[in-house]
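Chain naming follows the written order as A, B, C and D, and within any one chain the residues start at number 1.
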């Protein structure tokens, strides 16, 4: 199982804080997972998840570009951070 | 009258925290005043006040080199500072 | 080294006392305290909801603090960051660094703050008279954090 | 702007509260707290007598703080420096700076500390097992203060 999380504006725009996705070979990397989420979520999800400043993290570390996913991974999508 | 003050190591080595000197034309600048203090104080004062790292202040502002003195001025001799 | 992400407010005196915990005779302390702005980008802010990524936030801050400890000779470093609903003027973040060298304490404290602004997964949603909105990331903060990438910052501006 | 030279100890929380005095929603605060070293230049220090030049000390610190206020956009700045007999581990100095810009708060705080070490008329006489001795001025501190003379420091070392 992949645990998928959404934060802040992304969470609000999707109306979803997170969901589980069964791991299989068709979602064995981040881009494939994102394509799956967009397909299943429809136009709204496609639009939100394709925003150019979207940040993606795998197992709580930000990743740049595509990266392999393994069963049990935690994946997060969120906008640029604004802490401090 | 000139008010003359000594601080820290200088104060200790002279055994004197300060003294008054009547202002007159022969002590109308800092070097003259220092020469007068050395003359009146003897070898010990001459030695202490001639230390190369001696700092001199007139009216609570550090001065570099000789400077005129006026009646009522406050003059101080002290070693390099070590605050904070 | 202590990193806390919490809803509760904090006491700066207590945090500072804990930082050197009886070893005050070994070093000096630099601190930074951030407060919720009452006006941000020209808009009035009454309150703010601060969201974070539980788990990743703590890990990412711990990573920043460990980096600072490698980079400067620190005796201790602590970070407290609040989350949840905060009012204008409330304390939001505290960073404390202790070192025998005051330059190290200052640099490490500023380094940690720059990274907190830039890397730690926090998101501010401000609430004002015009309603609620998410705060946009400022490129200025990214630039400040990037200063440290080449080993030392290039110098500081006086404005 | 407040400058105090005092025998009494101070409370950092109180000083920090006074600094922005209800205007916490306008800025952030950087602080520095110095403590009496237990070991200095390899020698054990039990206590220290801190002498100052009454009048000139306050004036010189006020001058430093005014300079910092000209140089950076500060909302407030305060300095408390203790004098008299202090024990190892005692608080000796506190500098707090508030600004809407965190870089200004950090830079001004460090600038004031560099000048306090270098320009303000304080003299430390340390007392240890080997007896009492006056602390020598360190050329390192002069060098640090001189960094600011050309407008901005040249950059920081990471050590």
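Here is the rule we go by: a contact is a pair of C-beta atoms (placed from the backbone, for glycine too) under 8 Å apart; a residue touches a chain by one contact, two chains touch by 3 or more.
Predicted, not measured: the structure shown is a model, and the values here were computed from it.
Touching subunit B and subunit C at once are the following chains: D. Of all chains, A has its CA centroid at the greatest distance from the CA centroid of subunit D.
Each chain gets a centre from the mean of its Cα atoms; for subunit C and subunit D, those two points are 22 Å apart. Centroid to centroid, with C-alpha atoms defining each point, subunit A and subunit D lie 49 Å apart.
Here the CA centre of subunit A is 27 Å from the CA centre of subunit C.
Looking at subunit D, residues 34, 113 sit in touch with two or more other chains. With touch defined as above, subunit B holds no residue shared between interfaces to two or more other chains.
By the definition of touch given earlier, these chain pairs are in contact: A-C, B-D, C-D.
Residues of subunit C touching subunit A in their complex: 34, 50-53, 55-56, 59-60, 81, 92-93, 113, 116-125, 134-138.
Across the complex, subunit C meets subunit D through its residues 11-13, 16, 20, 22, 24-39, 45, 71-73, 88-91, 102-107, 109-110, 113, 144, 151-159. Against subunit D, in their complex, subunit B makes its touches with residues 5, 7-9, 11, 53, 57, 60-61, 76, 78-84.
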